[in-house]
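A short worksheet on the structure shown next.
As written, the chain order gives the labels A, B, C, D and E, with residue 1 at the start of each chain.
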Amino acid sequence: MGAFRAIVLRDLRVAFRRWSEVANPFVFFAVVVALFPLSLSPSAPELRSIGVGVVWIAALLSSLLALDGLFRNDAEDGSLEQLLLSPVPFGVTVLAKIAAHWLVSVLPLVLLVPLSALSFRLPASGLPTLAFALLLATPSLSVLLALGAALTVSLKRGGAIIGLLILPLAAPLLIFGTRATDFALHGEPVAGPLYLLAAMAAAAVSLGPPAVAAALKVGLE
Amino acid sequence: MGAFRAIVLRDLRVAFRRWSEVANPFVFFAVVVALFPLSLSPSAPELRSIGVGVVWIAALLSSLLALDGLFRNDAEDGSLEQLLLSPVPFGVTVLAKIAAHWLVSVLPLVLLVPLSALSFRLPASGLPTLAFALLLATPSLSVLLALGAALTVSLKRGGAIIGLLILPLAAPLLIFGTRATDFALHGEPVAGPLYLLAAMAAAAVSLGPPAVAAALKVGLE
Amino acid sequence: MLQTSAVLRGESLEVWRGERCLFEGLDFELASGGLAVVVGPNGAGKTTLLRTLAGLAPPTAGRATWGGTDVRSLSPDARGQIAYRGHLDALKRELTVVENLEFYRALAPRAAPLEPLLDELALAHVADVRARYLSAGQRRRTGLAALRLAGAKLWLLDEPTTNLDAAGRQLLADWVRRHLDEGGLAVIATHQPDLFAGRPAVVIEL
Amino acid sequence: MLQTSAVLRGESLEVWRGERCLFEGLDFELASGGLAVVVGPNGAGKTTLLRTLAGLAPPTAGRATWGGTDVRSLSPDARGQIAYRGHLDALKRELTVVENLEFYRALAPRAAPLEPLLDELALAHVADVRARYLSAGQRRRTGLAALRLAGAKLWLLDEPTTNLDAAGRQLLADWVRRHLDEGGLAVIATHQPDLFAGRPAVVIEL
Amino acid sequence: MKLPRWFHQLGSPPYVYRLAERLSPWLGWSGCLLIAVGALWGLFGAPPDFRQGEVYRIIYIHPQTSYVGMMAYVVMAVAGAVGFIWRIKLAHAVAVSAAPIGASFVLCSLITGAIWGRPTWGTYWEWGDPRIMSQTLLLFLFLGYLALRASFEDRDKADRVSAILAVVGVVNIPIIHYSVEWWNSLHQGPSITRLDEPAIHASMLVPFLIMVAGFTFFFYWLLLNRLQGEIVERERDARWVQELVSGGRP
């Protein structure tokens, strides 16, 4: 467990070299959100109707932005080899790195849900569900993207191709997520989609890391 | 001029050899554009009215995704130094790299416009304008993004902070672009905003590279 | 044999790259206290061999074993007995020297204290400088510090003298000698074999 | 003096990094055919000095001039007379050896032919291998090929012998000698000065 | 390029420090005085607006903060440019000092505007209103500038890199100003800053202008104070600073 903590902390350090940088994801998200209304002819109902979608897209985007370096940096500076050779089980290492990625790129959005809701005039009723759905869906998202990243680290052509298919795989997550939130906004029962998200999360977090680890091992050969 | 061609060709080559990363932004664009309607309670008129804006933002964000390696890769493997020291004027080099980036990761977005139109049920009448407006707006966008990449070249992966720096500056492009398209959809004259976009492009392409070059020189010290 | 736990063995190792065979039928055995020096022209396959021994890349044929088990399927703590240092320094450029090393300490099973190492390597005055600002040699020295921290039994070193000044090379040679005296093993790929000429060594010519 | 066009001069150069002064009041002059060897322990400032001479980094005080003009404000073709090779190989890992070198040829004002170089450097058989698959030494050799292609008058070489095997080091030494005989200049930072001991040289001790 | 002597003097930290020390009290007091007068006049002297009644009196705060915010950005950009071109560290110091102040003024502009919006437009905030958006983006520009600086630890580098950003960002200023004319904004068009005679009665105009002057002085007062701090921070190793902190005069 000590190793797990060490890896997470290290990745967080690298991401937020200086404390001021912790603010970046938040401001960035604010900017992205600000862009949408700019590009629309403003009128409240529309804004509300897109709000949910925007939040989810922002989530996807910032995970993708943070993702770029997830494994490639470590692979290129040689530290991934060291991690692979270290006595720490590689699955744990991978899980730690994914966790760090999630903390860096997604958690801020969850914390920002109230703001976004406010700026899109979402009724308060929907907020808890939105936040909860994000919390449930994004871990699976991180795992999926990590798998994609691992595959593209591989020098082998095949890996690269599969890597491309990962992003579309994220679609169901987004769909169910927005579903749940929409339901909540219209006061319908949200349990269904949420259960689905939870199930996916469980599956991803348990099955994902070994797959990622395997992909990386191949990639490093 | 020979150098210009050489640099563009080289960057294109590199891009196509690591195409799995190059392709990611398009997948993102496709996913966003395809999924967004699903996140709404579907009703054609509303879809249409937001469609334009979403397409533009998707284009903006996905080119942001494509950007990170623009200068950093060259900076980290030392070839940017060599380019800076080469007899080729650095402004030309920068322009060439921007051009390559635009060809690889922005131009194809224009080709995806029909798809987006489809998913937002945009009337065919608007498409040419949409595509044309994108063609006019994206060069300025590339220059802006290049500036962001240059400003952060000596930092670690730029990602969020680049967006934070550049998106505010990109807002005007977004505004005029969407307006042009909206006009077209409503059959109003589109010349005005298009001229503005063209003017911006001219300004960006002429004034931008020196700024980018300056930023890179500082970054490499 | 006794104490197979600390024996590195290559069994008719063969590796192809592209269309070329880098080496084949490579057999050798290294027991506690043993040193193997890998020499050969650029592109001969030294790095490839070391990566194979580390279990990073599978050989085309044959196998490498540590303590009798294939290096590709070692138990975690058996892996903890092997330390590999390649051409790359495996440092995070955003982290300071200390932060980098503390990280590797956290991964190592039985970690040595840090300060004496920094002094020994003349890194004390840059302890809090980010790796990105270090000079090439300082980076290499930090990598060597990480090697020591791992407290491994088998050292796989790929051109460890790269970028080191005379003092650094001498220090490294001493380390290796001491490591071997303490019963450790070392496989070193280098273009300056004379540096390690001090003692009997298996010379692997590629 | 005559033919200032080919004179490299350092005028009371001073560079600080962090809180430390790497060097100060550094004066030297190198005329056509002159060789300067920069030596010093790891972290002394050799790389920094070379980057300063190349005009990549501004000195804290003083200035470096090539042919009388500050290296930070050289005309394009004056810059074409200077070639700098640092710790990095400046190769695109996605491109093959030939593609990489052809690119640098396209940038050079008067480019030399490629094939003989590849043979001389024993790179012919990997000409079409991507740089990412090259061995460390092969990568370094490719970098040296690029140096030759630039056809520059002033060579600034930072530890050029890194990763080179004995043959490679010898070849490099010969190149430098020939380059100087042809009236070129060279500033070389190295930890093995004896390799270039052949001829009189300005030794810059940091 | 040949530069006049005063220009070089402005490059000398101790000189500027003393200059700032001498100027800032004047700026500070006159600023406060003007603001006080303008506020009293505006709140009690000036007649209520025939349409908006009393609410309109925010006009004595809101536009001023808006102007000053924009001015602050221009100051920052110009200083940055000067510092970059002539490598004058002090100019960079000015730019850095201006940034947080400008950001705060823009924030005030946004808040006062929002407050004013409630009674007049029936909403605090309107996404998509060009004036509001462009002003908000100005705030983001300030924040981006600060964030960029924060992510460099080498100050010299931070200075020059962020200067480039500041200069490029200037394009946003005209956009803010003309946003109301280029797009149909809720925000009213220029009623004071119009070339022909202002569209507002003198009895309101005078306190308005007094407030403008007051806020401007106030801004420069803040700027000089921050500048002094910045200079001391940058020159902490210099002898004159040592003397300064040890009680001596520079």
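The criterion applied here is as follows: a contact is a pair of C-beta atoms (placed from the backbone, for glycine too) under 8 Å apart; a residue touches a chain by one contact, two chains touch by 3 or more.
Model, not experiment: these values are computed from the prediction.
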Touching subunit A and subunit B alike are E
Using the touch definition from the top, what's the fewest steps needed to get from subunit B to subunit D? 1
Go ahead and name the chain pair joined by the largest number of contacting C-beta pairs. A-B
Return the distance between the CA-based centres of subunit B and subunit E, expressed in whole Å. 32
Intercentroid distance (Cα basis), subunit E paired with subunit A, Å: 39
Hey, how far is the Cα centre of subunit A from the one of subunit D, in Å? 45
Multi-chain touching residues of subunit A, meaning two or more other chains, are 14, 17, 21, 24, 27, 31, 36, 38, 40-41
At least two other chains touched by the same residue of subunit E: list those residues. 133, 137, 140, 143-144, 147, 151
Where in subunit D do residues touch two or more other chains at once? 87
Which pairs of chains touch each other in this structure? A-B, A-C, A-E, B-D, B-E, C-D
Can you list the residues on subunit B that touch subunit A in the complex? 19-21, 23-24, 27-28, 30-32, 34-36, 38-41, 46, 49-50, 52-54, 56-57, 60-61, 64-65, 68, 156-157, 159-161, 163-164, 167-168, 171, 174-175, 177-178, 182
Subunit D-facing residues of subunit B, complex: 2-3, 5-6, 10, 13-14, 17-18, 76-79, 81-89, 220-221
Subunit A partner, complex, touching residues on subunit E are 125-129, 133, 136-137, 140, 143-144, 146-147, 150-151, 153
Subunit E touches which residues of subunit A in the complex? 17-18, 20-21, 23-24, 27, 30-31, 34, 36-38, 40-42, 47, 119
Which bits of subunit C are touching subunit A when the two form their complex? 54-58, 76-77, 79-80, 82-84, 86-95, 99, 103-104, 106-109, 146
